[in-house]
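Each of the next two complexes has subunit A plus one more chain, namely subunit B in the first and subunit C in the second.
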Partner chain A sequence: MKIEVRHLSRIEGHAHLVVDAEHGEVRECRLEIVETPRLFEGILKGLHCTDVASVVARICGVCSHSHSLASLAATEKALGIETSEQTRNLRRLLAYGEIVQSHLLQLYFMAVPDYLGAPSLFPLAAARRDLLLRALRLKKLGNDLCQVVGGRAVHPVSLCIGGFSSLPEASPLQDLRRRFVAALPDFEATVELFARLEIPAFERETEYLCLQEKGYPLFGETLVSTAGVHASVAEYRSVLSEYVVPHSTAKFARTKGKSHMVGALARTRNAFAALSPMARTVASALGFTPCTTNPFHNLQARLIEVVHCVEESIRLIDRILADGLRPEKVQPPQGGGCASAAVEAPRGTLFHSYVYDDRGRLEQADCLIPTAQNLANIEADLRAFAPTLFPLGREEFTRRLEMLVRAYDPCISCSTHLLRVSFV
Partner chain B sequence: MIGVGNLLMGDDGAGIAAAQELGGRRLPRGVEVVDGGTGGITLLHLMEGADKVILIDAVLMGKSPGSIERFGSEALEEEGGTPLSLHQGGLPQVFALGRELGLLPGEIVLYGIEPDSVVERLGLSHRVEAALPVLVERLLEELRTPP
Partner chain C sequence: MKPRIGFFDFTGCEGCQLSVLNLEEEFLELLDLVEIAEFREVMSGQTDSLDIAFVEGSICRPEEEERLRAIRAKTRTLVALGACADTAGVNALVRFRDAHQVRRHIYGDDHPHLATDLPRPLSEVVRVDCRIPGCPIDGREFLDVLQALLMGRPPELPSYAVCVECKLAELPCTFDRGDICLGPVTRAGCAAVCIAGGDRCRGCRGLIDTPRQAPYWRILEEAGLTEEEILKEFRTFNIAGKGGR
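Presenting the complex of A and B:
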């Protein structure tokens, strides 16, 4: 039996899924990344440090804020620029907004149709209008938080090296806080919906990797994993190595020769105790335990993180407003340097690494994207999952494998900017 | 007015370039210019509450680079008949979902500009760059037309 799903639907970007199995054995299992390779690092070369963050914000429409935040952190570290507590709080708030909107987009628009037996989003939009309108209402909260703090719902404009070029006003922040609280019944309904979904049974041990910080990981200087990685972000190249496979225009990345997972499930596994009280209550309602090795539990982990980000946003807005927002003098960037930084983007650990010359022009850039790190793990999961599905027949076999890929929320658009490939 | 596209992909950034140009112009009251980037479904939020939405994007129409076409609501509403706009996330899918959920504004117009090259590059090709003032003029004229 050979299945070939051309242009797998409900993922960000273009990929084919190819599985070749005979006599109950999987001979071949590939996630072919066919998106045109994009050489964004080449575009960055020669740019002045003050232009880099706004350009990288255009790499992706779903995680543009994470790219900006990772970029600014790398540039600030390279140029020796410190940020204030106010800046750090506002950037954290922006990251929460992005996780909320990105996770809700994946959960409701990409994943839910599979679990409610709809072939695509459109029959669902007709049959369950209430559900999708709720999804859009909730997603808009995340987008609006990004709009208020970042100056735009996508591709932020108010961030700059050392801080913010424009600060949010207090009243839209108060309004958002009120809307987050008012949306709690919608979040409860979401938890009820996801608690009822039948998650496929499949377990496979792998390595879970994310950043570590005092609370739940978002920013941080240390990389940790369930296989014992404990390294500085500056050394990420010694922990993670990229390699090329013939069927992909994106590079794959691995730790010490093995595949690993980044993203919501990796974070909830590694830092469950640091989740907000409401997020832990939701975990319990979903039957989620932090020792799970089922990649489909990425869905539950995403919803747990959404609730965590909402609760933490409310708390953080209170703190920001109590401290009062003050315009700050931003230190103008000078000279050059090199540094690496990482943030936890919705899909996992995102690294940006820059070398600037003495005039602050970018000489070399390296971006390691979460999806590039997950690709090898997705294939390893597919190889282990496929043999368990043979009795189900071709259609269900294919559907379940597609669901597995979607559980990772791969962003092919982001991950294919690493490599030039000649097609023969 | 929502410019759509990717500034890092050459002429795919034409819609954004037009929106940036319009942002610096004097516009009639009640007109808002938005950089929609590659927002995908987020475009539904950006269109919310508007009486009329004018989208600007690079569109593959098989014409010479820099050609400008106006597509009215009826063309965009046609199932499968929508011209292939270039940005990730797909305008046709966003329209289809918005239509199904009843979230589309009363009137939607798409101004498409034929790209010359969509490759990773900052800035537009000469031919699209040269057509940009024409596009901006057409858009200003659209604003002067009563709905």
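Presenting the complex of A and C:
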């Protein structure tokens, strides 16, 4: 049996799924990444530090805010620029908005159709209008939070080195807070929906990697994994190595010679105790335990994180409003330097590392994308999962493998767009 | 029968398709007016014929050319969705680097499967009937263009510059705070969103039809920019020619 799914649907970007199996044995199992390399890193060279964040946002439409935040953090560290508590709070709020938006897009629009046996959510517009309406309403919450804080839902406009070039007003933040609280019944209905989905049974041990900070990981200086990694972000290159495979225009990344997983499941496993109370309640309603090794539980982990981000956003908006939003003088960046920074993007740990010359022009960029880290793990899962599906017949076999790829929410545009480079 | 529309993407970030999905409530109303027959990012399956195809991304490889031609062949109206499809957008910046050398630096060796041609807008490969500019597109403008197409009239884009929208919004002039701004020559339609956010206009929507080139270059020169620096401004989103000069 040979299957080839070209331009796999309901994922971000272009990949083919190729499986070759005979006599109950998987001979070949690959996720071919066919997205055109954009050589983004070539684009970045020579850019002035004040232009870098807005150009790197264009790497990815779904996680443009995470790219901007990682980029600004690396630039600020390189140039020795401190940020205020107000800036850190607002950036955290923006990151929550992006996780809510990205996760809900994946859960409702990319994953749910598999479990409802539909090619997409759109044909359900008549029969399950409530479901589609709820999906759109909830996703809008995340988008609106990004819009209010970042100035636009895709590719932010109000962030700058050292802070914000434009601050949100108090009233739209208050309004969002009200809407978050009012949306709780929608989240309950979402939890009920996901608790009923029949998640395929498949377990495979792997290494789970994410940032570590005081609370649930989002921004942090330390990288940790279930296999004992404990390193500072600055040393990420000694922990993770990238390599080229012939069937992919995205490089693959691995820890000490093995594949690993980043993203929602890695974070919920590694930092379960730091989740908000409501998120932990959702976890128990979904029957999620942090010791799971089923990659399909990425779905539950994503929903748990959405609820965590909503609850934390409510808290954070209260704090921001209580402190009062004050315009801050942002010092124009001067000189050069080098540094690395990482953020937990919706799909996992995202690293940006820059070298600036003394006029503030980018000399060298090195970025490591969450999906590039997950690709090897997806293939390892596919190889282990495929043999268990032989009795199901060709159609179901293919469907289940596609579902496995989707469970990771791969972001192919990202993974082919910004990879390691050093210019001479 | 409802008109059948499709969404497609090539080399880009899929942020324009996402901006369509982000219309949320209006998107649902859209489903009453049209049938979404193909949209790989959020649906499975393909179709043989379409009334309108919205195509995002630049064309960089022979396989992409082939796929775009096939889309052209099955659709009545083809719309370039966003800057990458319309002008090649930020992708085109790679033209100013040695791509072979960049690939070697990124991937170690220059493997044949990584080869690409220079990023091109759709119109260099197939006939494009109309376009929605911007990086990303503005959802309102997408609805305007779709409405015009559904009513059988040619869609119109604003013929005036971002500067006009900026003044109407009473935003302080970017030049006054010492920053460079492409607002005076860039096509309006974005409500000057970047300037409202405290950033500057980088020209993602492309030039207006008759930009006043000479006076604008004089302003840039007065702001202390060299010719190379001025060209660099125009290159971010690959604005045509020598930036209107």
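What to note about this one:
Basically, the second predicted complex is superposed on the first by the 413 of 424 C-alpha atoms of A that agree within 3 Å, B and C clash if a C-alpha of one lies under 4 Å from a C-alpha of the other, contacts with A are read in each partner's own complex, and residues count from 1 in each chain.
Here is the rule we go by: contacts are C-beta pairs under 8 Å (C-beta built on N, C-alpha and C of every residue); 3 or more make two chains touch, one makes a residue touch a chain.
Everything numeric here is computed off the predicted structure, so don't read it as measured data.
In the three-chain model built by superposing on subunit A, subunit B clashes with subunit C. Which of subunit B and subunit C touches more residues of subunit A is settled by the count: it is C.
By the touch criterion stated above, A:Arg10 is placed in contact with subunit C alone, subunit B being left untouched. Once the two complexes are laid over each other on the shared chain, residue contacts for A:Ser165 go to subunit C alone; subunit B is not touched. After overlaying the two complexes on the shared chain, residue contacts for A:Thr249 are found with subunit C alone; subunit B is out of touch. Contacts of A:Ala125 after superposition: both subunit B and subunit C are touched.
Once chain A of one complex is fitted onto chain A of the other, the partner contacts of A:Gly263 are absent, as it touches neither subunit B nor subunit C. By the touch criterion stated above, A:Gly151 is placed in contact with subunit C alone, subunit B being left untouched. In the superposition on chain A, A:Cys60 makes contact with both subunit B and subunit C. Shared interface residues of subunit A, touching subunit B in one complex and subunit C in the other, are 12-13, 38-39, 42-43, 55, 58-62, 64, 105, 109, 121-122, 125, 132-133, 136, 139-140, 143, 152-155, 413, 417. Of all residues in subunit A, only 12-13, 38-40, 42-43, 55, 58-62, 64, 101, 105, 109, 121-122, 125-126, 129, 132-133, 136, 139-140, 143-144, 152-155, 413, 417 touch subunit B in the complex they form. If you check the complex, the residues on subunit B that touch subunit A are 6-9, 35-42, 44-46, 48, 87-89, 96-97, 100-103, 120-122. By the touch rule above, subunit C contacts subunit A in their complex via residues 9-19, 21-22, 24-25, 27-28, 31-32, 36, 39-45, 60-61, 63-64, 89-91, 93-94, 97, 99, 102-103, 105-109, 111, 113-114, 116, 119, 135-136, 193-194, 196-199, 202, 236.
On the side of subunit A, the complex with subunit C involves touching residues 7, 9-14, 34-39, 41-43, 45, 51, 54-55, 58-62, 64, 105, 109-110, 113, 119-122, 125, 132-133, 136-137, 139-140, 143, 151-158, 160, 164-166, 244, 246-247, 249, 251, 413, 417, 419-424.
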